[in-house]
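Each structure below is given as structure tokens.
Shared between the two complexes below is chain A, which has chain B as its partner in the first and chain C in the second.
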Partner chain A sequence: MMKPRQMKAGRRNKEGRWAWRLTGFVTLCVYVFMFAPIMATVILSFNASMFGGFPITGFSLQWYGKLMANEAVLAAFRTSLWIALVTAIAATAIGVVTAFAIVRFEFPGKQTLSTLVILPALVPETILGVGLLVLIKAVDQPRTLLLLVLGHILLAVPYVVLIAQARMVGIRRVYEEAALSLGASRFSSFREITLPLLVPAVVAGAMLAFTISFDNTSASLFWRPAGVETMPTQILSMLKISISPEINALGTVMILVTVGIPLLGGLIMQSLTKLSRRGETREEVQ
Partner chain B sequence: MTPGPSSGTGFQKVLDNMTAPKLPGQQSGALFSSAGSSAVLEKSSPAVEFRNIEIAYGKFVAVRDFSLSIQKGSFVTLLGPSGCGKTTILRSIAGLVDISGGQIMIDGRRVDDVPIYKRNIGLVFQSYALFPHKSVFDNVAFGLKYHNVPKSDIERKVGKALEMVRLPGSEKKLPSQLSGGQQQRIALARAIVFEPQVLLLDEPLSALDANMREEMRVEIKKIQKETGITAIFVTHDQEEALSMSDRIVVMNAGAMEQIGAPEEVYEMPATAFVADFLGKANMLAGTVSKSDGPTATVTLAAGQTVKVVSPKPLSPGAPVTVVVRPEKLSLESGAMANRLTGRVASTSYLGGSATYEIDIGGKRTVRVNTQINGRVVREGGAINIGFDPAGCVLLDEKGIRIS
Partner chain C sequence: MKISPTITVAAGLSTGADKRHEDGQMLRVRTTKGWTLYDPRLAWMLVAPVLLLLIIFLVLPIAVMAVYTFFTFVTAGVETGTLTTANWHEFLTDSYYHGFLWKTLRVAAMTALLCGVLGYFPAYFIWATTFKHKWLLLLLLIVPFWISFTIRTFSWINILGEQGVINVALLKMGIISEPLPMLYNEGAVIVGLLHFLLPYMILNVYVSLESIDRTLISAARSMGCTSAQAFREVTLPLSLPGLAAGLLLCFVLAAGSYVTPQLLGSGRDALFGNLISDTIMEQLNWPMGATLSIVLFVVLGFFAAIYTRYMGMSQIVKGLGG
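Presenting the complex of A and B:
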């Protein structure tokens, strides 16, 4: 009586095991596909070989050394870094305020505005790049660093707005109403209640804006003034000559910055909230 | 300048205030004194006064021609079904809703165009609205901070307020660590700690479970009496309104139906709406068949005749509605002047009492709520019910009480 059922259960178990193996295999493939290029770049950056590829002939830090001595690369890195910082700050400020306006207030043209604001994220970057360039030419203005920064802000604002908006909708209006009824002005209630509750979105938005600016290639190619290189455009121009192992080292630095900064930011945020909470309790004890 | 409470009014200051002459314009500092001595001290102008206010959203008029004067230290409830405008009126006092006509006065001062943060009102929300990122202490201290109370006083006042809502020592907790009932107590403490001129409560109990609701009802009432603060309470729950209020304002479709003490509103409903909304009274339609001074005989639509006492002589043939509360009807109708026979359509056994739906013919059912002595009558049983001719209210054909 029991036998057929046991057999059935056994078969199902076997099927289950195979399904799991298949899932594991596919997952592994996906991870390899995703991370192999990154790993290759990182590993090859330490390769002693003259050519930027396998096989590995020995461990060496010489490419990093060369990078440090390469004035053009260092200049590009500095340029990218401060453009990304300015973009992150400006785009976050504009984006958060815009999201607040769109979610909390009723005004004519609100729908149009909320669509217009996210439009730069929908339009292909190349077209946006050409468009801004054509506009600049039309009004007979030179390509300046300011234009490049403004362009990056334009590209980053939609993402900050979308992130802040999503969070803002989740913050119930009664919190602000309660703060107002307790005597806090509109500005105070924004600063003390809305903004702290919005912090995760503010931080996420700033990180994303930073990364968008730091990584941007195609639009930067159109907008940069003559003689100015950002990291991505510098890599592109280096690639035109040869695939030097230096590029692998540069790529590794780029990965470190774009992955490391959000990670670092997250860690700082965590310890900050912990600290402030501890500070508050200490204040109470006094 | 915010006409906030004078700084430094704590317990000690309260004692000073009682002996020292009051300065003009100084708010009564007797929040934490026992018994509403502040209400005795100042009775001149009403705490809140509405003068023909109207609130409209585009073409939709939420509140029309609403006038009301609220005594200092009293507990007034706005009662009505959802969408009747009660919450809108409450929010208009707070300044969260703009009125489109009329005037609102708080302590004799016109506040229509005073922004919310300068109105000096305490607000308790249905959803508590405690700041989730601030500790209990910071939540309660928030209002004090913005009313320029010195730091040394803030701590003491927060402590007293938490004691008042029976949650002392909870300063360091976050709102998420508290139960719903505790959160609402903290919200109450936060709203009263800075001694506002009016306390507004917007359905503060409806998010709580039944047991907690009853407990909080008593608690809120007690705290209101202790502090002597003027409270305006919004609810759709008639039991809350009847048990807590000094005065009840029954609202319907943006207008006031009746205002009065709980007993008054319950016993003498001014309109058919009030009679039905408060306590689900039996409304028996009929015509006057005989009038004899204060008493009249009414033939009901179902065919029976009943005797009623009318405050004024009725003319025979006039249509009237006889309003009888379920608990004014009794099953032992032997000694009663009025007797209706019917059949029990449904029985709800409630422990000490029972509610019956009784079919009296003509597609009319009558609701009877009675103490159980003896046995509970089950569905289908024939039954006699009766009521005292003086125990009913008469409405004319427009649904207005005959008086």
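Presenting the complex of A and C:
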């Protein structure tokens, strides 16, 4: 493939080469900018110093020990884990079904609906957060865990829909229709034909939904019932008191969990696609 | 913002859908009596759950908030349904609120522009590089999305704080004798927002670069363009939709931010989101909080409308999904 920088031409090339070097340099700086703070946090979590900052005074795992003994953190972690699991399952189911309706069906208001569906990803969470509070105040209802979970589902659905839609467009409907004409019901043609072809999108969507929920901060601050802390709100309230090295350890654990799960999922997805390789190639040939 | 950035979303791209629809009807299929194969009624049943969620969490709250802006505030936590324009009057006349709105828009615009300038280079680099493991560079941009936003934000304290990398290193080297006050100011807030939004920008620009037909660039070159000219005349204009989508996304997300100013800014660096939260959670002035929320919603909606007027929704959809 022709690359813009591969062009040869004596004198002119000099300017191009410098521009390319500059591009590379800025790129490097941006990557450093992206990862330096995260690296610093991971390194500091092993620091023996009593204060959550530099310089490094020695290697220690004491902050991890303290973390494991912190009941509030463990409780928040469990809460977040459950909410994220439920969100991942529900948002994926709702999102895939919505994408199916948008891609396969023609119905009045479809265009409006497909715009409305991605709005939760664009409207500031502060507005969504306050909005629900105003609504439940108006109808005199308490904040409940159920509302929090439903809210997380809404925040995750746009991403699942977009991912599933993109994949669904590439799956020709003749496969489904063939199954239908052979006597399969609507539901079983979806389950036997569409869903297996959608697996990569389903896995990717579910994982993204999990991290969106697990990571959600602003909206959760408004929606959580009294006394319930999710992991991010717990971290925020810890930060309000002081910046202890424990938080660095907590951050490192969180990074391991949230980066590890998608990477693991990616590996699982890869082996799944390998298994269904035959179906894949046939589909891509079309 | 997911694994394959070359996704092409076809929200309304059902080419030949009508023809197929008829094909479908011709199929002899076991469907419920009186229902066609792609019956709109079935479609409505499929979208019912998402519709319900959207109504409860998006449509109704905004409608109720719009009504609430006309309620009368009595005292903390108490308001009556007597209709009044006092909240709007207060918002429109009090410069305290104008200051917040102006500062929020300024910080969001600066963040978006910086994202655009800094994000274009990596996007271009990843697109043009001959490096074999391009996917790794892309993966590294996606990884931050997986790391807790709160963690990513507070980790800047370890860089900019008094005991952060920069201050400790400069002190050790004897360049400064006092730690520099780099944290808890507007600069720190912008750095935090940049850190949060740069991946959005880079992926948006990358997606639109990726859709450029590379032979156009070779054509420009063979016609005697220098590489700089080819970039200016071909690559840059064709990547503008992605850049514009990225700018809008960064602007909207920055203007709506709440956690970043709280963690990295001082009280003076609070943005509109913090003002809304403070009005509702601390002052318990619900009608005013609702008014401010509606203001932010309308202002950001205005910018989004200008954008969609010229660009359409599809690029944003691509940016979010890719």
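Here is the rule we use: the second predicted complex is superposed on the first by the 245 of 286 C-alpha atoms of A that agree within 3 Å, B and C clash if a C-alpha of one lies under 4 Å from a C-alpha of the other, contacts with A are read in each partner's own complex, and residues count from 1 in each chain.
The working rule: a contact is a pair of C-beta atoms (placed from the backbone, for glycine too) under 8 Å apart; a residue touches a chain by one contact, two chains touch by 3 or more.
The model shown is predicted, which means the values in this text are computed figures rather than measured ones.
In the superposition on chain A, A:S181 makes contact with both chain B and chain C.
By the document's definition of touching, neither partner reaches A:L195: not chain B, not chain C. Residue contacts after overlaying the shared chain place A:L119 against chain C, while chain B stays out of touching range.
Touched residues of chain A were counted for both chain B and chain C, and C has more of them.
Look at A:T27: by the touch rule set out above, it reaches chain C but stays clear of chain B.
Comparing the two interfaces of chain A, the one with chain B and the one with chain C have residues 177, 180-181, 183, 185-186 in common.
Those residues of chain B whose C-beta lies close enough to touch chain A in the complex are 2, 4, 94-96, 115-123, 125, 127, 129-133, 135, 137-138, 142-143, 146-147, 171-172, 190-191, 194. By the touch criterion stated above, chain C contacts chain A in their complex at residues 1-3, 7-14, 17-18, 20-21, 23-24, 27-31, 37-38, 40, 42-44, 46-47, 49-51, 53-54, 56-58, 60-62, 64-65, 68, 118-119, 121-122, 124-126, 128, 130, 140-141, 143-152, 154-159, 161-165, 168-169, 172, 194-195, 198-199, 202, 214-215, 217-218, 221, 226-228, 230-231, 235, 249, 252-253, 255-259, 262-263, 273, 276-277, 280-281, 286, 289-290, 293, 296-297, 300, 304, 313, 316-317, 320-321.
The part of chain A that touches chain B in the complex is made up of residues 172, 174-175, 177-186, 188-189, 192-193, 196-197, 280-281, 284. Residues of chain A that touch chain C in their complex: 1-7, 9, 12-13, 15-16, 19-20, 22-24, 26-27, 30-31, 33-38, 40-41, 44, 51-55, 94-95, 97-98, 100-108, 110-111, 113-135, 137-138, 150-151, 153-154, 157-159, 161-163, 165-166, 169, 173, 177, 180-181, 183, 185-186, 204-205, 208, 211, 214-215, 217-218, 221-222, 231-232, 235-236, 239, 243, 247-248, 250-251, 254-255, 258-259, 261-262, 266.
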